[in-house]
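First chain A sits with chain B, and in the next complex the same chain sits with chain C.
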Partner chain A sequence: MSARPRSPQERGGFALLSLYAVLIYLFLYLPIAVIVLFAFDAKPIPGLPLDTLTTGWFVEALRDQKLTGSLLTSLRLAVVSAILSTLLAMPAAMVLAWLPIRFKSLVMAMVLGPVVLPQLVLGLGLVILLRSAPDLVGEPAIILAHTTITSSYATLILYSRFLGFRRSYIEAAMNLGASELVVFREVILPLVRPALISVFMLAFTDAFGEFVVAWFVAGFTETLPITIWTSLRQVISPKVYALSSVIILVTLAISLVSQLWVIRQTRLTSKVQTS
Partner chain B sequence: MQAGAGSAEKRRRRFAAAGIAPLMLWQFVFFVVPVILLLVISFWRTRNYRMVPDFTFANYIAVFTNGAMWRALLLSVQTAAFVTIACAVLAYPIAYFIAKKAGRLKGLLLIAVIAPFWISIVMRVAAWRLLLGENGVINQSLLSIGLIDQPLGFLLYSPVATSIGLVYAYLPLYVLPLYASIDAIEDNWIAAAKDLNAGPMRAFWEVTFPLSLPGLIVGAVFCFIFGLGEFVTPALLGGGKQLMMSQVIQDQFQRRLDWPAGAAISIVMLVIVFALLAVSMKWFRKASGEKL
Partner chain C sequence: MTNTKPPAVEIDAITKSYGETTAIRGVSMDVRDGEFVTILGPSGCGKSTLLRMISGFAEPTTGDVRIGGKSVVGLAPYKRDTAMVFQDYALFPHRTIAENIAFGLRMRKVERAEIARRVDEMLALINLSGYGGRRVSEISGGQAQRVALGRALVVRPSVLLLDEPLGALDMKLRKQMQAELKKIHRELGLTFVAVTHDQEEALTLSDRIAVMNAGSVEQFADPETLYRRPATRFVADFVGGANLIDAEVGPAGALLFRGLPLSGIGSDAVKDRAIGDKVSLVVRPECVATSALGGQAPGPAIEAMVTEVLFSGAVQQIVGRLADGSLFVAHEQGLKPPPERGSTVLFHWDGSLSWLVAR
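Now for the complex of A and B:
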């Protein structure tokens, strides 16, 4: 249990590993720091050395209707995809984790498929499919595409969480004569709520940031990743960095908070279980 | 309430079917059907920028005889292999550190490794352009401390840049399964090896490392598969000179409007992915079987 090193040799190893860990975290967070840094740089073409610092690019970004428009589109579409994929994933993950089913490996293959399929390939397949439903190109197609990817991730994450729950709670309630609906509302829902919320948030961030598949089926719709992609083909304005840095910080906060919350909740429920 | 066991079983089965049906239906229409369509048109032909139904292997023959496609396929496999190895080497110590040495900070450190994975790929790549460009942060810093006299041109728009971007993108993904398998190794087992006079190195190579193999395999498979099919990073960091497979596919579809040719390359990529998954599942079973 204790992580304290004992011999001098082991203490040296620990110091070396810690130093390595610091370097890796620097590598992971350096690009993020650079984006945030250049969002405050006054020069119109970013580069070192830094000029005077300004918050002007944030204001500019908010005034840019193309940027804010695509931001709102992305937010709207990602919320719908996250709701849809949570609704699809929740019952499927419950069944996979708690009930015996036939053809389980086929079902798992269907769930895992969109995760391992290169996103480019899924995008192209959907483009061909959409030839028979051209009216869907644009926002509906983006929602369909993102829901396909995120519902898979959501099912896998929920499945692994649900495996850890005690089926005895549900069976006890059933044996006490509760109907399925009551069991679901009074027992299952409170148990799985933290997992559901965290999966919803992860599905949202995933759909919000996804580019390739959306790009193929978007038609004239512009999501924020598509707008940034287009601007990357020219000299990129610092207002894009300003908007990106806000979004990056929000994304990091969402994933940190939702994951930490899940850890705390699991600790609470496992405490209840052991007492 | 007190129905017979048979009807309870039936009820349960109906519940299971109802719960799983919506997702299966969805994945069938928007995942299975698109892949089948791709497979079908990969046997078609293109005439005057229009697809003509046919049953020809010409598109597949082209994949393996056309020099440019071969090079793209090779570059993709090489890059994915390099990225996988680099990620494994970089991820192992950090996963070990978090699992065994981080103490109370464990949860937080793990989440902090994975968090960047959730940032949009387009934004992460934009950040690397700022770092790697001719006037980018890395070149400017090296120039100002006098380590180089001229900006390093090969940093951006090269396979090097693509590899850096991909390692950055998939390192978090590799840490996750590695952490899980190292964390599951009981400290007692390592202590037992040491009690039997194994040095720390021997204890690591004979206890910790073999037990962490399943995580190493899962991480490698996902890293390789994702690296092989990744499009955004090579398109924005790799420059246009040496194309990867995903770029060739996109080029066929969007610029040359030769969908059957693009579909054939996609199917080749899919076959590689699924063959790799099948083989690795075997390894995985073997590696986790030895644990018991």
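Now for the complex of A and C:
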């Protein structure tokens, strides 16, 4: 296919396509690159041109208790939300995928609600609701909000995975003497584990970075996005860039590794031989 | 067969409805201990449904299922002593071959050493010694079929259920697995209940065959009886393929085809029938020969126009069209010069080999 000599017209098209791809990637990664670059700028107010480079801001960032404190808060809350939303989504997805239920499309559409709803609306709604439960403002409310948002698409993603799950695995296990609980532990869980992990990771990163709704219900709790937002009003310290670059790199690495792992697992377990 | 054991499986006046549709309409049959029974029928006739009611994945709407004399209606699948070979095998992809086979034993809390011993034994029986450590994705379709069989057999179920066990295999492998299945059945002496829509497979494998059509069992008998003495027109047609002459019982023991008596039919062929009964005469192609019109046929005979001659060496298939438009086939030996296409000839057969069924 590629060995065929190209006509000038085709070559022009190819060049255009390449240019387009480069622009897209620039558009996607330039802001990230800028952040990483500025993290090494020695000037207290980062900006071009970069004269002297330093790694000092990384140390400074780790010393800044406000910054590290909000990072830990964000990590903690995101883990809890991701666990909750995966736990909530799994049984819901199992029911939707495997049991005959009435008004299925209506139920599905309603599950999707929190995703398609503008976050401002969701945040506002939560603020009104929380007036009757002021004790929840802060961490519980943030967890609640993020669980709501992420569990809705977690359910849909798991649902589509479960649709493809062969019921005969379950029947085969039962037929060989496994009770419902054992079937779940021995067959369903190992087979859907890759899907669960990828859904967990997705929910985690989403909850970790979510700002708008958290802002509405946070009270005095400071998550990392809130801290960064607040610091925007003053001059942005290079410490923020340093911390952000670390987070970006770690996130990219985790998502890459987990995607590769999931693909490998899925390949291992879904290859099925018929004649 | 002088045992006093209760039948391995008793299906007692079962019906099964899914809402409006009735999948099973009144089926009763017994499977003897150690027997190989096949449920044969066209797609959608309810074969799988019947099997699923034995294994516990479906409950009968009315009627009773007994395994070893005990009713199992309402009993969960995992509490029934049946094991099933699934059509798609359903081997656990996250486990090795050995782990797949060991699964049922682990569920039965058999101790470790014993499990290892029995898994090895089973791997040997299914000709897969040395394959225990492989993953499901690393074996062929035929091997997967044997693993599915081994996984079910290793728990020594009182009934082994097989849903289209060879359906996913190609022709050659299928023949080979039929022989192996038969051998394993003979060696282990377990009760096998299989489902298939392949009549040849059913005839080869089974001690008895239940022929199903639209939710009912039309005939439950051994292969020879099914072939030689089919109970219904459907069975005659479905098992082995047959020429069917739709006729009517006439006076004085005659069989009327389009109002005229068929030649050479003895009056004892219609002795239990009343005048006016609509019947079909079942004539297997291999007992039919052709001869020129006007000759003297030794037995019953019917005129037909030759539409096709299919030569395949030892056997040639001569297809004729009867006066009522239906086809009539003769399998003649290949050495004989065939009649010309388009000519009208006499198809005749040995009257003791044809058989009358109600229509």
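The rule is simple: the second predicted complex is superposed on the first by the 251 of 275 C-alpha atoms of A that agree within 3 Å, B and C clash if a C-alpha of one lies under 4 Å from a C-alpha of the other, contacts with A are read in each partner's own complex, and residues count from 1 in each chain.
Keep in mind that, in the parts below, a residue touches a chain if its C-beta (ideal position, glycine included) is under 8 Å from a C-beta of that chain, and two chains touch if they have at least 3 such contacts.
Predicted, not measured: the structure shown is a model, and the values here were computed from it.
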{"item": "First, second, both or neither for A:191, with chain B first and chain C second", "value": "second"}
{"item": "Touching partner for A:177 - first (chain B), second (chain C), both, neither", "value": "both"}
{"item": "Which superposed partner A:260 touches (first chain B, second chain C, both, neither)", "value": "first"}
{"item": "Residue contacts on chain A - larger count, chain B or chain C", "value": "B"}
{"item": "Which superposed partner A:168 touches (first chain B, second chain C, both, neither)", "value": "second"}
{"item": "On chain A, the residue positions that both chain B and chain C contact, one per complex", "value": "177"}
{"item": "Chain B residues touching chain A - in the complex, by the definition given at the top", "value": "1, 12, 15-16, 18-20, 22-24, 26-28, 30-35, 37-38, 41, 90, 93-94, 96-98, 100-103, 107-109, 111-116, 118-131, 135-137, 140-141, 144, 168, 171-172, 187, 200, 222, 225-226, 228-232, 236, 246, 249-250, 253, 259, 262-263, 266, 269-270, 273, 277"}
{"item": "Chain B-facing residues of chain A, complex", "value": "1-3, 9-10, 13-14, 17-18, 20-21, 24-25, 27-32, 34-35, 38, 46-49, 87-89, 91-92, 94-96, 99-101, 107, 110-111, 113-114, 116-122, 124-129, 144-145, 147-148, 151-152, 155, 177, 180, 202, 205-206, 208-212, 224-225, 228-229, 232, 236, 240-241, 244, 247-248, 251-252, 254-256, 259-260, 263"}
{"item": "Interface residues, chain C side, partner chain A - complex", "value": "55-57, 76-78, 82-84, 86-94, 103-104, 107-108, 135-137, 139-142, 144, 151-152, 155, 168-170, 173"}
{"item": "Contact footprint of chain C on chain A as seen in their complex", "value": "166, 168-169, 171-179, 182, 186-187, 190-191, 268-275"}
